[in-house]
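Below: a set of structures, written as structure tokens.
Look at the two complexes coming up: subunit A is in both, with subunit B in one and subunit C in the other.
Take a look at the complex of A and B:
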């Protein structure tokens, strides 16, 4: 076949132009901002260059709180949601009657608006002057004492945030894993059956390796998604996340850009770059593990 | 170990009244003697894979019993039947190496059957060398050819030394050359292990070439069981006659009158013992003798010289399907093409008559071959 570089470039131009303007340029710009001290949008001026922005951000207690919150969220929700999704998918693929009903039910959170769900969660968990909320009523019913999950202790708030996040990311994972399980050929299970393989061993040695590419995909995207968490926290705790102590890294970046005093793009950029480096490292580690374990 | 099927029937219920029940296996009654290589042969959709799944235990029969030796295995789950099954697409675990695949069944053994690691390894290596894949033990299935994967699948099925080895369309995923080679290989492995082996195929040549016994079936019904040559020489009905043999048997519309077979107006063969009626006359390609005074006249179409023999391709107005007549004659003959006609006389034992109504075989004197079958 004759290659025609001019033609090829012509076809590539629309994508390159759009990606260049709306992705590459802003990324590079953010990188540059992060080294420019005291950058001001209005005057387009800055007072100096250096690593001060990073130093400021890394010493800002709000950022450290946001970093801690985000890490806790990631460490708890990614394994839990993937594991639970796997259990639910296994259950879904082993039942016949009502399978489609259950599939629909599990997929519902995916098509529901995040803020609306947040509102419902608030009603479930919030303690007000008039009511303790449904969850607290249940806790009391079992003999516990009620806790304010929305304005109360840190662990309670973190619990609600994790619970909510798991609930909201579950349907997509269930969807992916159910189809992954369905794509494992029946012949493998028949072969295992004839060889007298126990149920657990069939799962561990056949099913799990067969769907491992999909599990890794979910873990990687799960990590990235959890690191970028923001709207879930807003939906539960309102926009003033710093005072609630429930800010996330993306929330911190947002606050630095548009927060009450408003307009610290340099700090925002530095925080964004730090987040980028964290996500990049975690994803790289994930991919390295994946390459070692998924080999077919 | 001998395998006996007793009134074995499998019915798949129709879907919500819209479809009729499908009788995939209809009242199978036969015995497979110990140590034989048996071909279960039939056109696609005839229920042969279902029959195999019933023997393996993956399907539960609607009715009937299955015996392995003196044990009734009908209610015994597949893992306790002592069978090895090779799947049509091999079903090798893609994430495991060849050695791990072969070890897999052994690692499942529990309790008193549990084997020490070195014994497992030894047995895996032994069976690997039986199917000649010693060199490939560290490979993954994806890195091997179809023929090699097939061998691994056989090794995995054999490693527990099963009583019965079952193969589902073992050669269908291989190319023509590999198919020839692999069928010899299956024969060799079976002869070395002497394990009763049943394989399913739709390819009659495949079944004929390596089986000790073939079972011809159609639409869930067994039509004939016998040694390949026996079934070929003495088909019990038209289906069996048409299904076996390449090139296939030539079938004519014929009439029997006064103990003589007429095709069209020509009296082609005397068939003592058959009453006057309409018949199908099946003539094997090797049943024609080139004879300028022969009674059967056909229009000559083509002559294919094969070196070893000659194929004479001709047509006749009375053939069952509008197919050409293919006759195979020795190279000693010279075909005279000038007249555009060719005349044959017939070898009586290569002519099979079938009732027009029932398609069952009609026997006349001399109609059985002179051959004596040894057990």
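Take a look at the complex of A and C:
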């Protein structure tokens, strides 16, 4: 059926206008910003063009700290959360009673406000003048000595950040893996049963290969998500992440843009592009590994 | 005879192993359930402890001996929590309504209308899904600042009105509606617009409900953009409000009042989740990601 083309475009105009102004134009603009040296926010003028912004960012100790924090966060949380989610999903799909209740409970963190619940985690882990906090109390039950997880040593802060990140990302992973496990055809398991295949072998030879595309999907989205970590850190350590030494790359971008340390969109752009390049390379590497290893 | 008894003992062995495995599974699942629920328990518990009794607890107590609602009163009186709440509600409603209109029109054009360049435009739209928000937010901040829209609802709302993913989701759904229906409507002299809102939208209601809920969750929890664009407390959303409360609100030590605010902020979404958990989980597994 032929439609009047003008009419068709009329339907598309709102979407195109909004995407043009707030997605396409900024995408071009961010590259331009990143090459404009000495950009002044007030007069909107710049002194020259070149790679100085990138070099500044890469030599900024705050950026290097943020990069280090982000990398540690990625390396710890992606494998741990994926593995844990796999374990829990396998458990979930092997039971019948209470399955639905567990599923509903597990998904709850997805709908909660990261900032709000982060405060609860802060209170659980924080050590104040009045009290050592609940987690420290538990550590003491087992004979350990208490430590301030929020204002204390680096590894303690990193531990809370990783823990909270995993708590936040688990719902999505469990959901995806549970539905992937449910979609594996029962025929395969029946055949394995008749052949007397052991549970472990069934898992390694049937279940794992069948759900491997979804695991890779989770690894990739996990990498992307963890590289963009920011809100979890703010929730736990407050907005001044640099002084807490817990900044992330995204946090660095925003700090450069706005707030007490802000007003430098050029540095922010350079940092954002560096982040984008890192994420893009990791995703490409993942996809290459995937092509080699995933059977389906 | 001997073979029979051997078989039955082997079967018994397998059965005990299975039972043990089952028990271990339930233990593991319960442990994770507790890990998930405990922060919620702790936030409600702390919110009903009185300021005095909370600070007197050197060792945190798992129950509140004298539960009080005073903290909830404080949360609404000593910080503008009601204002944050109202702002977030306005922001969420307007954003979701505008987005719905934009995506319904776009999805309709892609699904039903024939025009030159359709496939090209649609491919370009899909390509935009890969652009991370962090990359475009810098210019958007500058754009909105230059337009003088900081600390306005317009500034808050404008950049989040379109979502390519939801256009895609709705388009797929619209395409499932048979062409015959459209032709019949045309014969009856129904206009395109009327057909869209009287036939297609009602048929695709489940998808639209899912999109609305996911968008509401996203709006309710949005933090980064509101933080960049507002520094006037009168325009704070709940996420920024809670951060403000944490840093300057009740005084750092009034944890119970802070927790009351956290409970108030979390409740609307938890209610939404309990009602719509099926749609939410289905929608998210169809391609949503956190953040």
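As a working rule, the second predicted complex is superposed on the first by the 276 of 296 C-alpha atoms of A that agree within 3 Å, B and C clash if a C-alpha of one lies under 4 Å from a C-alpha of the other, contacts with A are read in each partner's own complex, and residues count from 1 in each chain.
The rule we apply is simple: a residue touches a chain if its C-beta (ideal position, glycine included) is under 8 Å from a C-beta of that chain, and two chains touch if they have at least 3 such contacts.
All figures in this text were calculated on a predicted structure; none of them were measured in a lab.
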Notebook entry, point to check: After the match on subunit A, would you call subunit B and subunit C a fit or a clash?
Noted result: fit
Checklist line | Which partner, subunit B or subunit C, touches more subunit A residues | finding: C
Next item on the list: With the two complexes superposed on chain A, say which partner A:209 touches: subunit B (first), subunit C (second), both, or neither.
Entry: first
Next item on the list: Considering only the touch criterion stated at the top, classify A:33 as touching first (subunit B), second (subunit C), both, or neither.
Entry: second
Notebook entry, point to check: Touch check for A:187: first (subunit B), second (subunit C), both, or neither?
Noted result: first
Next item on the list: Just the number, please: smallest Cα separation between subunit B and subunit C in the overlaid arrangement, in Å.
Entry: 7
Next item on the list: Check subunit A for residues that touch subunit B in one structure and subunit C in the other, and list them.
Entry: none
Item checked: For the subunit C and subunit A complex, residues of the former touching the latter -> 22, 25-26, 28-29, 32-33, 35-37, 39-40, 42-43, 46, 55, 57-60, 101-103, 105-106, 108-110, 113-116, 118, 121, 125, 128, 131-132, 134-143, 158-159, 161-162, 164, 167, 179, 182-183, 186, 192, 217, 220-221, 223-224, 227-228, 238-239, 242-243, 246-247, 253, 255, 258-259, 261-262, 265-266, 269-270, 272-273, 277, 280-281, 284-285, 289-291
Note to self: Looking at the complex, which residues from subunit A come into contact with subunit B?
What the structure shows: 185, 187-188, 190-191, 193-198, 201, 205-206, 209-210, 212, 295-296
Margin query: Please output the residues of subunit B touching subunit A within their complex, sorted ascending.
Written below: 56-58, 78-80, 83-85, 87, 89, 91, 93-96, 104-105, 108-110, 140, 142, 156, 160
Check: Which positions of subunit A touch subunit C when the two form their complex?
Finding: 1-3, 5, 7-9, 11-12, 14-16, 18-19, 21-27, 29-30, 33, 84, 87-88, 91-92, 94-95, 98, 102-117, 119-121, 123-124, 128, 130-134, 137, 167-170, 172, 175-176, 179, 221, 224-225, 228, 230-231, 234, 238-239, 250, 253-254, 257-258, 265, 268-269, 272-273, 275-276, 279
